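We just call them A, B and C in the order they show up, numbering each chain from 1.
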Amino acid sequence: MSESRILTVNMGPQHPSTHGVLRVVLELDGETVISARPVVGYLHTGIEKTLESKLYNKAIPCTDRMDYLAPMSNNLGYCLAVEKLMEIDVPDKVKWARVILAELTRINSHLVWLGTHAMDLGALSMMLYTFRERESIIDVYEACAGQRMMTTYIRIGGLAWDLPSDFDKKVRTACDNVERGIEDYEKLLTGNQIFLNRTKGIAVISAEDAIAWSLSGPMLRGSGVKRDVRKDDPYSGYENFDFDVCLGKTGDAFDRYKLRVDEMRQSIRIIRQALDGIPEGPYRAHVPGVVLPPKEDILYKMESLIFHFKIITEGFKAPTGSVYQGIESPKGELGFYITGDGTTKARRVRVRPPCFINLACLPVLCEGSLLADVVCAVGTIDIVLGEVDR
Amino acid sequence: MEEKIRGFLKERFPEAVLKEEEFRGDLSFFIKPEALVDICQALLESTDLDVKYLCDITTVDWLGHESESEGRFEMVYNLYSLSGKYRFFLKARISGNNPKIATLCDLWPSANWLEREVWDLFGITFEGHPDLTRILLPDEFEGYPLRKDHELHYEQPMFSWNKDDPPEVIK
Amino acid sequence: MGIEEKIPDSILLTSLDKMVNWAHKRSMWPLTFGLACCAIEMMSTAASHYDLARFGMEVYRPSPRQADLMIVAGRVSLKMAPVIKTLYEQMPNPKWVIAMGACASCGGVFNNYAVVQGVDRIVPVDIYVPGCPPRPEQLMNGFMKLFEKVDKDSMKNYRESWGRKI
């Protein structure tokens, strides 16, 4: 007589396929997963409390370190929320530059996702290919800000410094490299029988379930729900650009793979439109007392010197009230809910983390499937533990 | 769209909605905490409003501010309508000693983890929650860090090298 | 490896030391232990642009029983600290630890309730690589310094750590 026993297996915090320190406690009956419970918190850094203890300007470097694969979109979300709170309008050149950097960040994040997801499923060389394309994007970051990853380039009211003189050439080179790379990846993976067997029909979630679980980003669009913050609540000038929202049909892992590759192509389309039409102008808004004046003015004008000193040492006072600004980060809807209380520091900075909320639906994706599909499910949600745990 | 929501709330729950506020384009309704589940259920069931997306659950600690008399913790529920493309907030003030409020886990499954995080970091009990345990901090951690009376630079003695020392506040 | 127990301190042992150290440093296998942002720079160092395979280190072992080197890349939170200690104890001798980045060296940007102020409070660290995150060239400089340290090593030290008396 065969007795089925339930075996508890710990897919521990140190594991090659969990993309960081995620722990999944699995209960298996043979190879079938009966329950999969994710345990998070192994990277909790107290970033929200740190953001509340610093002046608004000085908190920007901490936001970089949350979703560390897409650092510029975190900066952008925070700066847009503070600009909404303080009612600052930025010049057009800043909006166009922010769009270009945000889309480059999206391509950057999707490249790392593709490399690690395909590597988990067995295509080991994909990681080497995508990281090669990523180097040309990191070249752009280095030219703008001097840093490869945590750039802190997008500041309140504008950018940290003016765009470099070879920005256009570098971004176009990066776009061409990524386009050639995407063709290579599609040739390798899209028709590959092994990849299709491992992703078609795996980790399926329906549209009603996706809305009930508050998913966002490619997880929601993969199930056919047309929700993209760039189209529904446009920010930073996205209404001026022409692009398609990619949708999936069945909500399985293969649909999300095709969706993210298409998103990379749409990002290149947006970047090329923005580069062709980028206007001239200042790289920072002129709001004395709130936005730091440009460094060149400090050497010649007295008021700039005084404002610079006051903003750096004391900061600016925010009104009492709360704002919410959501942006479409590569992982989903990243939102910043900032409450000002009349002083120079925020009372509450809440980060609405897309990866944390997306990860909560892992039991729905895994239960009833085989053990090897858990790895595919964790990869297709596209988690970054820095954002899950903050 | 805001007219429809305002009208809906005024006609179905006239005494539960305390006041309405618009700040920088975001509309929020201050409600009584006891009416939260009824309001959310009515919003979910109504067919013409299509408010089915719970975006976020969070809390603001107003310790030391002049508005603390209304309640120390302000629960904020961020709701979104996918077809109307409209966002609004439901806010409820609860008191500082033994704070608790009803759970939304039966209406939205995503509320499970969001409420666990609020419990972990602020200490607000959600009545009816199936599994109210620590999610981000270690299970042995004492205290609720994101409250305003908890120090930022506070190192709890948890390891063999510091378990007999008093907790250190790193300046 | 019982030979070094039997041969007393002589010229032959010095040449054997050089050979063993050469073997250790030219094929040191790291443990897959990326925690946070520094892990991405570590992966970039292992990718094709800044190649780690030239040091023989592209083989990242997931199991601590098969790894020599633990690169603690990223911030160490309170919940993760006992896990790091367990993993360090599971690694067999000889083993080395590199604290990569500012957060692993000293707590970095995060001086608060949730981050251990430096992984050297938990495990002994050989090399500290500063940076936030350190560039791939900086990490490779860290490796070069580790190799210099390994060069000065001698098998006599391992005899003591194994608890055998000669």
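In this text, a contact is a pair of C-beta atoms (placed from the backbone, for glycine too) under 8 Å apart; a residue touches a chain by one contact, two chains touch by 3 or more.
This is a predicted model, so every value here is computed, not measured.
More inter-chain C-beta contacts link the pair A-B than the other of B-C and A-B.
Relative to the centroid of all protein Cα atoms, the closest per-chain Cα centroid is that of A. Between the CA-based centres of subunit A and subunit C the separation comes to 31 Å, rounded to the whole angstrom.
With centres set at the average Cα position, the gap from subunit B to subunit C is 44 Å. Between the Cα centres of subunit A and subunit B there is a gap of 24 Å.
For subunit A, residues touching at least two other chains, in rising order: 41, 44, 46, 49-50, 389. With touch defined as above, residues shared between interfaces to two or more other chains in subunit B number as follows: 137-138, 145, 152. Chain contacts: subunit C has residues 78-79, 112-114 touching two or more partner chains. Contacts from subunit A toward subunit C in the complex involve residues 12-16, 20-21, 41-47, 49-50, 61-62, 65, 68-69, 112, 127-128, 131-132, 134-135, 138, 148-150, 385-386, 389.
Within the complex formed with subunit A, the subunit B residues making contact are 23-26, 28, 52-56, 58-62, 65, 76, 78, 82, 85, 87, 89, 108-110, 112-114, 117, 121, 134-138, 145-146, 152.
Of all the residues in subunit B, the ones that touch subunit C in their complex are 137-138, 141, 145, 150-156, 158-159, 161, 170. The part of subunit A that touches subunit B in the complex is made up of residues 40-41, 44, 46, 48-50, 53, 84-85, 87, 211-214, 225, 227, 232-233, 321-324, 326, 333, 335, 337, 339, 341, 347-348, 350, 352, 356-357, 360-361, 389-390.
Listed in rising order, the residues of subunit C touching subunit B in the complex are 78-79, 81, 111-114, 117, 121-122.
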